[in-house]
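Each of the next two complexes has chain A plus one more chain, namely chain B in the first and chain C in the second.
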Partner chain A sequence: MDFRDGAHNLYHIIVASLHIGKLRYLAVVIESEEAHQTSKVIKLLQWLDSVGVKNVCLYDMNGVLKKSKDTIFQIMKNAKSIEEVNEDVTHHAPDHMTLEFVSYVDGKEAVAKAANLIFVENFKRHDIGGELDHQILLESHLNQALQIVGCKGPEPDLLLVYGPVRSHLGFPPWRIRYTEIVHMGSLNFMRYGSLIKAIYNFTKVRHNYGT
Partner chain B sequence: MTFLSCRFAIFCFKVASRRAAPSRSSSKRSSSSLSISWLSSPSRGTSVRKDDAPVSTGITASVPYVSRKGVSPVVECGVPMPAELREELMPKHVAVIMDGNRRWAKMRGLPPSEGHVALVPPLRMVVKLCLCWGIKVLTVFAFSTENLLRPKLEVDFLFSHFERTANSEIEAIMRERIKITVIGDTSKLPKSLQKTITIIEEKTKDNSRLHLIMAINYGGKYDIVQACKSVAKKVQDGIIHLEDINENIVEKELKTNCTELPYPDLLIRTSGELRVSNFLLWQLAYTEFFFHKKLWPDFGKDEFVEALKSFQQRQRRYGFLS
Partner chain C sequence: MKFSSHTGLSQTLQVSLLNTPMQKSSGGITSHLLGGLCCYLRRCIFSVLSVGPLPNHITFIMDGNRRFAKKRNLGEGDGHKAGFSALLSILRYCYELGIKYVSVYAFSIDNFRRKPKEVQSVMDLMREKIEELLQQESIINEYGIRIHFIGNMQLLTEPVRVAAEKAMRVTANNQERVLLICIAYTSTDEIVHAVQESCKDKWNQIQASKEGKVSNGGSKINGLDLHFRDSCRDNATEACSSLHKGVKDAGEKDALLEQNSEKHSDNYSEGEITSCNGIVEITEERKYKQGETASIKLVDIEKHMYMAVAPDPDILIRTSGEDRLSNFLLWQTSACPLYAPKVLWPEIGLRHLVWVVLNFQRHHFYLEKKKKQF
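Right after this comes the complex of A and B.
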């Protein structure tokens, strides 16, 4: 048995000991130039599936991954789109993967659309004189409006960034309040071991949320 | 699987994953560290000097230094820029999440209040280095909307500590020509602190050497919601039309629009946490993150230089749509 076989077996041991239930929703941000490498993206998803990560949001700024959606679903036959899943994705039975595809338009633009929706609804309710009650706009209203304009995904617990930059490249700002962000390096050099380590480190961290 | 075999497996996994990680590029502008981000020791860059002259002569008085090439000067203030940093690659806007104060106190058997007191010296140090090295905006996360849920005694101490510190530092702030702005829901703060904030903002509004933005009772979602409310008010007042609302309109109403440089180039977070914790959610889209394990009270000049050096070695992407 050479070293790599040994390492592979050790990964299995580590994976078996992961508290993968702590990772309810994972986001993967890929720099758009690297996102064209669909085969690598699929390989990453297969790794995640094998480890037990079932809910994944794929993001790249320019929507390259959205264009690769069909190809990805052809290969990942046990995966479903988040639009197909009715129940709360973080509570669904783990017999299939749920994939969400997100790009820049689902971030800041979506917040502007959601705010617009609230204003329009408010105008309809106060139609005499077109008075707008700006005080009614609360965080919960924006949450609901974002769902209506199509931003259904929850806040990811963990966000992995693949690419040369250590930023999240415009991932929907409304969804990353307490998301743990880990830079993984270039997708060209992605390693199974590094992925396992990132997930392992996440699952063993105790999270305070400012209180 | 027994406990010991599991522990052994974890140990071997750590060794294996270190070997499996790709080697780090040693070039000055490495495209990627290729390692898990919070192990953030950037690779060594070459020393940078302009025309073989030192970037800073270390004169303590504030004497403008003009480089031979006529590049914008770095005002001398007694802390020369380290050789491994380049003036032209300095971030214009640095944001800091000053995390770990309570843990620092707990590790020393001290009450949380001592951790909050220990917050000030490193902040003073970072402010000074920003002044010396030409960073124009420094935004610090002093108190989040979630922090209000902490024990009342601790919260009250924090607010009175902010007030005392602001009053005791005002002379130095004016001498160094620092502009102070507080962002956040100040309506929930004690009246005396609100008054202190108003006075200090008014007194410093014309200062321009460094803009220090203190986020107090601030939350990224709060900022977005209040921006949307401002937009709604403008629609109501006929200043803008409903159909004109887009992300740019919302962006202009965010609290960070108190500066011409609202988007941080670099975010530093201490204590090893790898999250933004509801800080500047909208503004951080292209911000480079630097996470450091040290607790904030232990954050020193070396750690700040490490963050700046790491920033300067990165290839920045601004997400231009191609």
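Right after this comes the complex of A and C.
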């Protein structure tokens, strides 16, 4: 048995012991210049599928991954788009992957669209005028408006960054309040072992959420 | 005081190394000279760093005070006091290096959920330290620092809010450095506030132009309202109405709104979402054609962010090795490198700052490129 067999066996042991259920939604941020390597992106998705991570959001700033969507779905035959999936993606049965494709315009610009929706609905329609100061816009209302303008995906538990720097590169700010952000290095040098390690470390973390 | 009784020789030395020669040290000539030497070395290091690009704004998530207190068997309040001392040191290093803006995450809205006794003691400490900062010989006057308190100030207890407002007033004319203290802050609260303010602004704009048009004979706004009301009868905007309902009766009906929203979002298909978008777009187009004020833009929202008083941070440092942002500056950190050294906040030192700035310099070209693309 050579070294590589040993390493694979070790990975299988680690993967089998992962409390993968803790990772309900994973986001992958890829530097746009590296995102053109669709074959690498597909390989990464296949690794994630094999480990049991079924709900993945793929993000790159310029929308390069959105353009490769068709190619990815052709090869990942058991994957579905988040738009096709009606139920709450974090609760569906793990027989297929759910993929979401996001870019910079789905972040801050979406908040601007939601603001317009809220404005048109609440302010203009009912001629509120003097009551403005007593209106309280809550986070739940903005959340709802964002859902309506198309931001369906939930908050990821873990965000992996493939690029030169640990930065979320404009991932929709609304969705990363308590997301663990891990830097994986360049996509060109991606390694299965590093991926397993990042997921394993995530499953060990305990959250206080500020309390 | 518990903290000082645990101070060993190494810590005394460390404290005097960090002080500038002007501050009196309790030891003799040796520690005074040593302090002076360290200060000189620090200035040399900073001169070398200054050859490369320097960040304009560094932001800190000061995490680890409670863990520090536990590690050293101190009272919880002492952990926060040690954290405050660390803050003063770091501010000094940053401002000496020439960094103009420093922001810190002092207290999150989530932190209000801690035990009331702890929250009260942190509030008391903050008030005490704000007053200390405003004294004549403090670092504020030494570096000409303007202080901004960033967050939902209405959530603070009155003494703290009064102290904070005083600090902002007193330092309003300082122009050389800026310190932003994020208190009762979360990013999501900031974004909601900015959206609400931009809606109010837009309303005021429309009212003003309405008055102008009425005096010129005939308002075109009612026409728009009718159009929108008619198109709002289909399924897609049922959730829009429940959205409206929710905003109007904010407090009590929140639970009902949650129920409604779940029901409606289940009925959504992409087509309905698009048609709702389409309605917004048609309305906007009509407004534009009729010469009305345009829709709310991203810049309108951004100018109402609490953090609009400073440029976006160039570096974010979170101590204690935690990998998340915990609802801090999510909007402003699109092109910001995030560092998470494992050191606890009260133990942060010059070497961590130097290491982070070197890393920033290494990736500066890439980050500038990213900023231009946004």
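Throughout what follows, the second predicted complex is superposed on the first by the 199 of 211 C-alpha atoms of A that agree within 3 Å, B and C clash if a C-alpha of one lies under 4 Å from a C-alpha of the other, contacts with A are read in each partner's own complex, and residues count from 1 in each chain.
To be clear about the criterion, a contact is a pair of C-beta atoms (placed from the backbone, for glycine too) under 8 Å apart; a residue touches a chain by one contact, two chains touch by 3 or more.
Treat the numbers as computed from the prediction; the structure is a model and nothing was measured.
Chemist: Superposed on chain A, are chain B and chain C clashing or fitting side by side?
Modeler: Clash - chain B and chain C, as placed by superposing on chain A, overlap.
Chemist: Using the superposition on chain A described above, determine whether A:T203 touches chain B (first), chain C (second), both, or neither.
Modeler: Neither chain B nor chain C is touched by A:T203.
Chemist: Mind working out whether A:I148 is in touch with chain B, chain C, both or neither, as first, second, both or neither?
Modeler: Second partner only.
Chemist: Figure out whether A:R191 sits in contact with chain B (first) or chain C (second), or with both, or with neither.
Modeler: In the superposition, A:R191 contacts chain B only.
Chemist: In the superposed arrangement, does A:E139 touch chain B (first), chain C (second), both or neither?
Modeler: both
Chemist: Determine, under the contact definition given at the top, whether A:L169 touches first (chain B), second (chain C), both, or neither.
Modeler: After superposing on A, A:L169 lies in contact with both chain B and chain C.
Chemist: Between chain B (first) and chain C (second), which does A:V111 come into contact with in this model arrangement: first, second, both, or neither?
Modeler: Both partners, chain B and chain C.
Chemist: Considering only touches as defined above, state whether A:M61 meets chain B (first), chain C (second), both or neither.
Modeler: both
Chemist: Classify the contacts of A:L10 with the two partner chains as first (chain B alone), second (chain C alone), both, or neither.
Modeler: Once the two structures are laid over each other on A, A:L10 reaches chain B alone.
Chemist: Where does A:Y178 make contact in the superposed view: on chain B (first), on chain C (second), on both, or on neither?
Modeler: Touch status of A:Y178: both partners.
Chemist: Taking 25-33, 223-231, 241-249 or 331-339 from chain C, which overlaps chain B after aligning chain A?
Modeler: Stretch flagged for C-alpha clashes with chain B: 331-339.
Chemist: Which positions of chain A sit in both the chain B and the chain C interface?
Modeler: In chain A, residues 61-62, 104, 107-109, 111-112, 115-116, 118-120, 122-123, 132, 135, 137-139, 142, 164-170, 173-174, 176-182, 209-211 are touched by chain B and also by chain C.
Chemist: Quick check: in the complex, which residue numbers of chain B touch chain A?
Modeler: My answer: residues 1, 6, 9-10, 12-13, 16-17, 19-22, 31-38, 144-147, 149-150, 220-222, 224-225, 228-229, 231-233, 235-236, 242, 245-247, 249-251, 274-278, 281-282, 284-290, 314-317, 319, 321-322.
Chemist: Any idea which chain C residues touch chain A in the complex?
Modeler: Contact set of chain C toward chain A: 108, 110-111, 113-114, 186-189, 191-192, 195-196, 198-200, 202-203, 206-207, 221, 224-225, 228-229, 232, 239-244, 246-248, 250-251, 254, 257-258, 261, 265-266, 270, 273, 276-277, 280, 283-284, 295-298, 300-301, 323-327, 330-331, 333-339, 363, 366-367, 370, 373-374.
Chemist: Using the touch rule from the top, collect the residues of chain A that touch chain C in their complex.
Modeler: Against chain C, the touching part of chain A is residues 61-62, 83, 86, 104, 107-109, 111-126, 128-129, 132, 135-142, 144-145, 147-150, 164-170, 173-174, 176-182, 205, 209-211.
Chemist: Applying the document's contact rule, which stretches of chain A touch chain B when the two form their complex?
Modeler: 6-7, 10-11, 13-14, 16-17, 31-32, 61-62, 104, 107-109, 111-112, 115-116, 118-120, 122-123, 131-132, 134-135, 137-139, 142, 161, 163-171, 173-174, 176-186, 189, 191-194, 196-198, 200-201, 209-211
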